[in-house]
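Multiple structures are listed underneath, in structure tokens.
Consider the two complexes below, in which chain A is the common component and chain B and chain C are the respective partners.
The block that comes next holds the complex of A and B.
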């Protein structure tokens, strides 16, 4: 195992160096590469949430795709409506014979509603779901299985309601966001910087949260839920709050991803993508916020390189990597950087 | 502690039955504790001693009978509400939180406001900080305050958990086998720790180690098969033929 702890004199400056590189990226990268990087950063925002619930809360969620999707579809609905001439329907609705907009589409014409929905819908959905499960004291593997069922149900629902969701093909062909053309010069850089800022903001906020008494209690409940309960705490609201925060981050990540990728579809949010999200974090290091971001970037970079050349190979490679990390490197890449594998 | 007037009564376990699908771990068991009293409960393995603690703190719910603490029925309350009334328990298997520092373990226990939204901060009130320092001191773990609790020796873990239970400020402490896995010197120290509480708390101690029980010099309740068997001083219980037959006969 390479011992990177020798590099420790670099440690205090490393975050600032990375931040400077991040800010400068639009001047150095092609717009294609910049867009790719922005997408991966959006995924990094979701990955931060998994560190909170999985690493520190011991709550394995195989359903983060659902919340990613809620954020993604929220912004997609808005962009679909914004680009639409008055009185017309999105093309896929016309093709499936609909004559009017579903009532729940209409408020998404408003930018303010859309922004609120991107944040609140995943957060509230996550809180409700987590409360329903945790207050019955269901946890561990059962919880993971229920979240997987949730992501399956969500993707199935979207596919089955082709006429209002765009079905399997999802929603695509966006041209503008809040009045700014997506292809106008400078938009790509601006959206990239916004993504970077949100990623950094989420990172700093979670760092604070994990160091607070809330973070301490979350770890305590992970390691000894009964001890915590019999010290007089009710662990349920702590776990529900953590899950809701992770769902919110997934939703924000999903909205930004949709913006950069120009598409949201069931194939990006279903069972397999939800598992991949856990794999990024397992590889990067589930206890480490920085590790999770690095994991999301590296795995997606690798995916991009491998899956375009050998699409079938990717799933196997990812599976193998996951097993390797979980069995031999429970702290992921962050563990190597800290000089301890276990 | 003689002349137990009604007002002295702090806990009353009243005809409690705990039924594990047909097997009665507690079978119409009753017991009373007075404020400030230390009571030892002994009995053979499987007698129902831990189940008694489980019942008092609400981990299991009685099918018959009642648990009354300070005049209030508590056997239907949620666990955290029972703790809030002033009862805390040390588990038989040490239940410290392994990845937290020793200090954080105690700070969690000493915390008075346990609502989740009040945990969004890092500051610890001065009185809680003082309680933590005092607890560290009392079990001799001050120099270990920053290490992860999981790395402590077995005896140290037991002490830490005892200190946590004390730091909650609970009036009634349930100590389930506090000396399990300790050597004679550590056991004596644990006895001193409990004796040091004086009559400021009510303490229910479960243990198998008769030399430890002797040091505590407290009244002893003997349980057998989920039922009350005998009560008396250590000497009385030791001399009792019935107790010897079911319990002490095997171990002494």
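The block that comes next holds the complex of A and C.
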């Protein structure tokens, strides 16, 4: 295996080089490619959260799609309402025979409420869910299984409430965000830069968090939860906080993804997509923030390339990648870059 | 009591039987190895397709009885293959086992889609399983009665195996204390392997039962496996009694909830119920007493 650590003279400048490339991308890429890149970066924000909980907290969540969806649907509700002439209902509600807007749709007309909801709803939902499970000291495999049941229940619920959620087709056909037309010139680049800025901000913040005492305790609880208790700490609040932060990042990622993709639907947030999110991080490297971003970009690029040509092949490939990475490369690509596989 | 309630009670019993058959293998190997095989749902699927193929070769009234051992052996062989090539090497890493076996599950599902088509195949139940019994004003479909009877038989057989045979003794020893069992000369790897094959076989058998209820599709296992995971979570570590009790509770809960709400809300309520349950009994329905700190 190539030892990339020999490239160390490049190391201090590499992040800045990548950042410069990232900032310059709108001038070099076609608007289609830029949109694709922006979507993948939004997924990278979610992947960062997985490094925090899975890599450093030992908490495997197979339900990140739920929080991704909460953020995505929050912004979608707003855009649906914003584009609506006063007094009218979204088209799918009319088709389903609804007479009035559900009460929980109404506040999303306000941009401020929507922004708050994108951040707070996933965070609070994540915190409540994690607390309910962790405070009774249920964790590990059990937690992973419960999160999977959560993502199944959430996606099924959305599909079955067709008249208020858009059902299987999800919500789509957005025209403007906070008064700015989505197709007007410059909007694509602007949204891309915003996504890049949030991605970088989340990266820096998590780097700091993982190096702090919080990070140390999280890793300690991962490696020996009972020992942490014997030292006089209660690990539950740390795990709940980490899970809430990951849920928040997933929600922000989901909102940005919905902006770029122009659609949010159960097909993007159910059981299978939720586990795919773990694949990104497994391949990139579960302990490495940079690895997770690279993993999210690479896997989605590959998916885009393979699944458009051979849709059946993609599932075989992903299954095989999963087995291969988990058994032979638990540190992912980041492990190769550091010159150690296991 | 009204007919709807009795009817759902009966449906709950047959649902519980399916949850139980799907969860037994998971619970047994989880008790021994602390790992969950995410491809376990595909053992159900495999059992369903094997039943379909058996009935192609042996049509007629008794084909379904032949399909049961075929599906059992086929799924047991597949389970043994997965255990010996993949899971054995990951046994110290439970979460990684989840992910790797999920990769297997994806490949098996796509494989079935390529081999048999995405729409699925229909198993025609023999005539003696298509009728209905009427009791207390409730129609009881024979297929569902058959499923309940098979689940009871499997459970009884498993209990005899675990309590009365030498293999059962070894399994209980490893379940109680793996290191001590190994130190006293028990080949724990072989016990793991045997139980894994057995559990996969039972899931294959459950697949035959699913085939009686509806078409066998590449993802037929998925709709039963997630409730089966919840059964394991609620049952308590490696306890057959606990798994049985929690399968019955969850099966009845899911069926009775559907009197008041639709299927999708019932699914959400099932999850909420499990989360509320672990607030009261995080150790599961039946807790095996141990002095180990990190059981």
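We take it that the second predicted complex is superposed on the first by the 342 of 342 C-alpha atoms of A that agree within 3 Å, B and C clash if a C-alpha of one lies under 4 Å from a C-alpha of the other, contacts with A are read in each partner's own complex, and residues count from 1 in each chain.
Rule of thumb we're sticking to: contacts are C-beta pairs under 8 Å (C-beta built on N, C-alpha and C of every residue); 3 or more make two chains touch, one makes a residue touch a chain.
These figures come from a predicted structure and were not determined experimentally.
**Q** If you count the residues of chain A that each partner touches, which comes out higher, chain B or chain C?
**A** Touching more of chain A: C.
**Q** I'd like to know which partner A:312 touches here: chain B for first, chain C for second, both or neither.
**A** A:312 sits against chain C, while chain B stays out of touch.
**Q** Just checking: does A:205 make contact with chain B only, chain C only, both, or neither of them? Give me first, second, both or neither.
**A** Neither partner.
**Q** Report for A:330: first if it touches chain B alone, second if chain C alone, otherwise both or neither.
**A** second
**Q** Go through the superposed model and pick first if A:17 touches only chain B, second if only chain C, both, or neither.
**A** Touch partners of A:17: none, neither chain B nor chain C.
**Q** Pick one for A:321: touches chain B only (first), chain C only (second), both, or neither.
**A** After superposing on A, A:321 lies in contact with chain C but is clear of chain B.
**Q** Scan A:214 for contacts with chain B and chain C and give back first, second, both or neither.
**A** In the superposition, A:214 contacts chain B only.
**Q** Enumerate the residues of chain A that count as touching chain B in its complex and touching chain C in the other.
**A** In the superposed arrangement, which is not itself an observed complex, chain A uses residues 226 for both chain B and chain C.
**Q** Which stretch or stretches of chain A touch chain B in the complex?
**A** Result: residues 209, 211-214, 216-217, 219-220, 223-224, 226-234, 237-238, 241 of chain A touch chain B.
**Q** Using the touch definition up top, name the residues of chain A that touch chain C in the complex.
**A** These residues of chain A touch chain C: 54, 58, 60, 62, 129, 132-133, 136-138, 140-142, 144-146, 148-150, 152-154, 156-157, 159-161, 226, 271, 275, 278, 282, 312, 315-316, 318-323, 326-327, 330.
**Q** If you look only at chain B, which of its residues touch chain A in the complex?
**A** The contact residues of chain B facing chain A are 57, 59, 78-80, 83-84, 88-89, 91, 95-100, 104, 107-109, 111, 114, 116, 119-122, 164, 168.
**Q** Can you list the residues on chain C that touch chain A in the complex?
**A** Chain C residues touching chain A: 30, 34-36, 86, 89-90, 93-96, 98-100, 102-107, 109-110, 113-114, 222, 226-227, 229-230, 232-233, 262-265, 267-268, 270-271, 274-275, 278-279, 282, 293-294.
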